[in-house]
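Think of it as A, B, C, D, E and F in the order they're written, each chain with its own count starting at 1.
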Amino acid sequence: MPVVTVKMWKGRSVDQKRKLAKAITDAMVEHADAKPGGLHVIIEESDLENWARAGVLGVDRKDLDKTP
Amino acid sequence: MPVVTVKMWKGRSVDQKRKLAKAITDAMVEHADAKPGGLHVIIEESDLENWARAGVLGVDRKDLDKTP
Amino acid sequence: MPVVTVKMWKGRSVDQKRKLAKAITDAMVEHADAKPGGLHVIIEESDLENWARAGVLGVDRKDLDKTP
Amino acid sequence: MPVVTVKMWKGRSVDQKRKLAKAITDAMVEHADAKPGGLHVIIEESDLENWARAGVLGVDRKDLDKTP
Amino acid sequence: MPVVTVKMWKGRSVDQKRKLAKAITDAMVEHADAKPGGLHVIIEESDLENWARAGVLGVDRKDLDKTP
Amino acid sequence: MPVVTVKMWKGRSVDQKRKLAKAITDAMVEHADAKPGGLHVIIEESDLENWARAGVLGVDRKDLDKTP
């Protein structure tokens, strides 16, 4: 019955999301006694201009290495 | 003063959202003593590739019946 | 399959929550084509010191009328 | 280590977001003892048809003055 | 840099949370190119009276099997 | 009309929250054209066992320096 929300930058492929959702679901079943039937994994993708770390937007980061 | 967030798949019309926001607001006023003035209803729409249930993305579901 | 989250101040009774969850679920089924089976309503209650409007915490509001 | 999420209507420029993220980060460091290194500010922008106040969608509001 | 939020019922032990956070982090690194350094996993636990499925609160469910 | 949510560890005093909510509200008004009247700041506090960074729960971190 849990709801897992993943917030990250845009750019993952559908196949990456597919594997990610499966792996998180497996982790929930194995470690949190969750039943997969009612388990939701929601991915929320962010633009670089909508996420700051240490007060600096993603679009302004020099060291940006494309990883989310 | 409450904030109600509805996460669902894309595809509702503006008129459906209009009626939904009204009905949820009415429910909050009737059952939770909320005052409508400061009551927010936020709708967040998801792509089929960004929501998994039972570890399977919406884009991969065979039984998908277009309901959110 | 939608997930509805209600954030409000503490203080509703279990019976109020019961009716609220039912009414929101009905609204989702009627207006958003949702199927009730996978529909989650999550209530998140906040202390008065953890919610500000217009920059003023709930604990500091003079006009507080106990409605959420 | 905190995560600050700002939900508002679309329409701020990148420069507004830049200054906003910086100012919120400064506020967290000054008033909440946060270290900027692990501090995230996430901006989530909403369409006018996806946000209702007092049961009325943004697209239906007559008094709309373009402020979020 | 992603933020993963897990909403579920109360009742997991610290050790279950420890393994869950580790497994979700590993899944993010393997499948979403995330770097662990800035990756947050936040667990939000809910009371049975604050979560409804199909319009029925957890406290009212007859078939409740203690799994989240 | 925006909603700002601050997720951080427990431990800030009411006075810290008071100043934080005020400062974030001021930042929203100055940089995002927000009107304070409908602006909500919600603080969500987390236990150390419910937040992991780099796959390690707060309760397990050796370098923990009590800052959020």
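The rule we apply is simple: contacts are C-beta pairs under 8 Å (C-beta built on N, C-alpha and C of every residue); 3 or more make two chains touch, one makes a residue touch a chain.
Remember, predicted model here, so these are calculated numbers, not experimental data.
The chains touching subunit A as well as subunit F are B, C, D, E.
The rotation that brings the Cα trace of subunit C onto that of subunit D spans 180°, given to the nearest 5.
Ranking every chain by how far its Cα centroid lies from the centroid of subunit D, the top place goes to E. Comparing the contact residues of subunit C and subunit F by number shows a mostly separate set, under half of all numbers used being common to the two copies. Here B-F and A-E were compared by C-beta pairs in contact; the pair with more is A-E.
Separation between the centroids of subunit B and subunit D, computed from CA atoms only, is 20 Å. Mean C-alpha position of subunit D lies 14 Å from that of subunit F.
Shared interface positions of subunit C, i.e. residues touching 2 or more other chains, are given as 1, 3, 7, 26, 38, 40, 42, 44, 51, 53. Chain pairs that touch one another: A-B, A-C, A-D, A-E, B-C, B-D, B-F, C-E, C-F, D-E, D-F, E-F.
Here subunit E touches subunit A in the complex through residues 1-9, 12, 16, 19-20, 23-24, 26-28, 30-35, 38, 51, 53, 66-68, going by the rule given at the top. By the touch criterion given at the top, residues 1, 3, 38, 40, 42 of subunit F touch subunit B in their complex. Within the complex, the subunit F residues that touch subunit C are 14, 17-18, 21-22, 25-26, 36-45. Considering their complex, residues 7, 44, 46, 49-57, 59-60 of subunit D touch subunit B.
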